[in-house]
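Here the structure is laid out as structure tokens; the discussion comes afterwards.
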């Protein structure tokens, strides 16, 4: 027993605050939402156990659910890689000595500061208006722009562009990661005449892998849970014709507009399982490409 | 063949010259790249600022960025536009946000240190559970969580907004710090351990000083997320005297009456100033770990 | 498996470990006769309502009213959370479209036992009382009347030589007039259009249903609208659109699902006419430089009334009230006390209390006066208020909007979309029932 404590004690001790928070604040609500997924719960009256009915309806009859999955997946697979590549490029440019770097960093973070606020919604709807700036610029190069926000074929792309434009948070994390790579490694490579490109994939990528991995997992989880930008830009409804009806937006409306909290919980748990599967794949794959300095031997 | 000292010097000089040329060229390219990106990045702020100076009937239906008449009044009128002055809302936001930053950085670095550097039974399963809290959509735990805080008597206080931060409730930050802590050379802990340092001493004297960039990043994010958080204050604060800035901002717009767009934009401009100030100050810590390069 | 509400709350609290937390919690000191009033607002309404609360608290030493306010978009999410927590404020604001969901589920209490005691309704219009009565019991006190209103840009109309009384009867125009005027206004205003496209405007569609003598729901709550009626509606607007009175279908598709006020045709300046609620006139006018005129929604030549006058907002007593007598005393003062109604003015709509209304007559602003004139104009031309819509009505409206967007985008044929919509509406009612 003493031996067990000596070996594990410090770890548990440092985990105490988190563990209290997890048990007292997080675990209970999560379990309740799992229970609600098997009930009919209109919020006004107590939940009523209905077994698998919510899931049956979801997978067998609910076209809007299938559509929301498609919207969500399209968004995740297009926005996450785009955002990460963009963030990494900018971070690398900013990492090297450059005058006024603090200024640029703050600047590049600006779009992310505006987040999913009402101001951004108004701005975005004006930019992508049929007579807006985006189409004006396209017209200059001879392209007739579409009705971005009215046409279900295009509306999702405006949100993807918005997500990519708000690349500040992964950029900052990349930057912090780049800053923890020893500059001497690059100096030595330079001495050996190693090309910049080779330096990038032989030094930067491997040493940055833990941070790349972090950004990949977190941005993916975030993208699966995208809510506020879709909510404010579509006015809460996922319009036009459900093309912005992300699964989180769908479950929000099911819960708070139509008072079907049980069904919303079931939707949430399906989303959770999807996210968990993709996160699991990412963690599994990380064994092959993410190495940590201290665990290399 | 042996190289003389002069040969070495000449080679070094040549490398330096090439580097300087390359650096100049790449600096120009970089500035050009940055300047053009800057335009795209800064546009929203210019737009926001210009909109904050427009009269309400010019914000829509007129695509020009330039106000027809500069309505500086939007600022003082917006500041005092609601039943309570925005001074109160800014004070409330600052209170919640500063406590959140302190709580988050301390509690998350504790948990991250345990996960990243210490051995204990059940680490994998606890880590997986922590990640799960990130994956559940917030809206379905909102009601159970509300019931919980209601029973605790915490509704209509700042406690639901602050206490979780001291309990490392946001797994995002724990995971972020884990990734950085795992990068630090393990020899450091081992050497310190042999010298008889306690785990806490190692955490405090080695891990924390070496992780300033990660901690600064976490501080910046916590500040921004908390300052802008709207859902938490919406659900838990009921007294208008306790409202935070984002919650109060939304009162300017109405669907069935007069909306004060110009004032809303003016206060929006003011509300991002603290974020920028905090950002500019703390981003200085995202520097190359000074100790790191000396250790190799 | 079922359990009662209290038990659910307790179980949830236990699961979530609340007991452990409550020992550290700060429990608010419960004061005697303290009641909460919660409303959705805006800066002006908030100032007035807090002012009214101050007046009330000054007159009643034994009761303390606490005001709580949020924007409309956030109000219902918070209220729903409070419903779940069993701590709704004593007095809440409700709208006509959604109140029945709350009454049906027992969240709002009947007021009959307070009438004549703490609650004085003697000066209230009978129509307003009827609107707050469900299944023979009074549940809600109207604090402002509302009706459908077409807003038109008088300058753009004048450019085409059209004004009220001259080629245009604001209180009796037809869909043919909409088309004719729309085309003329479009021609007179380069690059602009005469009217918004109402293919997806469910409010206008609900007028059209009544104008055709159909009741939206029958006594059993079945949706009575036929595919033929939907087809006729969409064909009618297709005709107006193809005549050039409205913007292209794709341009209108973005404005179907409750667009922000800023994007209404009449506010953005894109078109000369938008179809909204009368209590939105003042807000819209503040965003537009040109003077806006008010008209009824259009009708068919038979002029069967379609629009109704309904309360825009109610005050209600919730099941979570801690002091129903104090709460109803406050509700009564809210609609009767001249010192209070004077502060409230017309901000929430036209008061249903005739005495209060008369007292305000001399103090109206220009756009408020326009609202009052509008209500004078529609007298006798509105329909009987239908019984409140059953659960699911809200969802049917959203489904209609999605189908209409498809029609505007030319993605689906009108006949097919209409048949689909009617099928879905029936399903929504079955699921809700």
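Letters are used for the chains, namely A, B and C, taken in the order the chains are written, and counting of residues starts over at 1 for each.
Here is the rule we use: a contact is a pair of C-beta atoms (placed from the backbone, for glycine too) under 8 Å apart; a residue touches a chain by one contact, two chains touch by 3 or more.
Being a predicted model, the structure only gives us computed values, none of them experimental.
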Review point. Could you name the chain whose CA centroid falls nearest to the centroid of all protein CA atoms?
Key: A
Point to revise | Pair of chains joined by more contacts [C-beta pairs], A-B or B-C | key: A-B
Practice item. List the centre-to-centre spacing of chain A and chain C in whole Å, with centres computed as mean CA coordinates. Key: 36
Check your understanding: Can you give the whole-Å distance between the Cα centres of chain B and chain C?
Key -> 40
Revision key, fill the gap. Separation of the C-alpha centres, chain A versus chain B, in whole Å, is 16
Point to revise | Contacts with two or more other chains, residues of chain B listed in rising order | key: 143-145, 148, 250, 253
**Study point:** chain C, residues touching no fewer than two other chains
**Key:** 12, 15-17, 21, 73, 77, 84, 262-263
Exercise for review: Return the residues of chain A touching two or more other chains; collapse runs of consecutive numbers into ranges.
Suggested key: 24-25, 28-29, 32, 43, 256
Revision key, fill the gap. Interface with chain B, chain C side, in the complex: residues 9, 12-13, 15-19, 21-22, 24-28, 36, 41-47, 50, 66-74, 77-78, 81, 84-85, 87, 261-263, 267-270, 277, 279-280, 282-283, 286-289, 312, 347
**Study point:** Parts of chain B lying in touch with chain A, wherever the complex brings them together
**Key:** 15, 19, 26-27, 30-31, 33-34, 37-38, 40-42, 44-45, 47-48, 63, 107, 110-111, 113-115, 118-121, 123, 126, 129-141, 143-145, 148, 163-164, 166-169, 172, 174-176, 179-180, 182-186, 199-200, 203, 213-214, 216-217, 220-221, 224, 228, 246, 249-250, 253, 264-265, 268, 272, 275-276, 279-280, 283-284, 286-289, 292-293, 296
Exercise for review: Would you pull the chain C residues touching chain A in the complex into a rising list?
Suggested key: 1-5, 7-8, 12, 15-17, 20-21, 73, 76-77, 80, 83-84, 101-102, 105-107, 250-254, 256-260, 262-263, 394-395, 398, 401-402, 405-406, 409, 411
Check your understanding: Along chain A, where are the residues that touch chain B in the complex?
Key -> 4, 7-8, 10-22, 24-26, 28-30, 32-33, 36, 43, 90, 93-94, 96, 98, 102, 104-115, 117-120, 123, 126, 131-133, 165, 169, 172-173, 175-177, 179-180, 182-184, 190-191, 210-211, 213-214, 217-218, 221, 224-225, 227, 248, 251-252, 255-256, 261, 264-265, 268, 271-272, 275-276, 279, 292-295
Study note, to complete from the structure: The chain A residues in contact with chain C across the complex are 23-25, 27-29, 31-32, 42-49, 122, 125, 130, 147, 149-152, 234-237, 239-242, 256-259
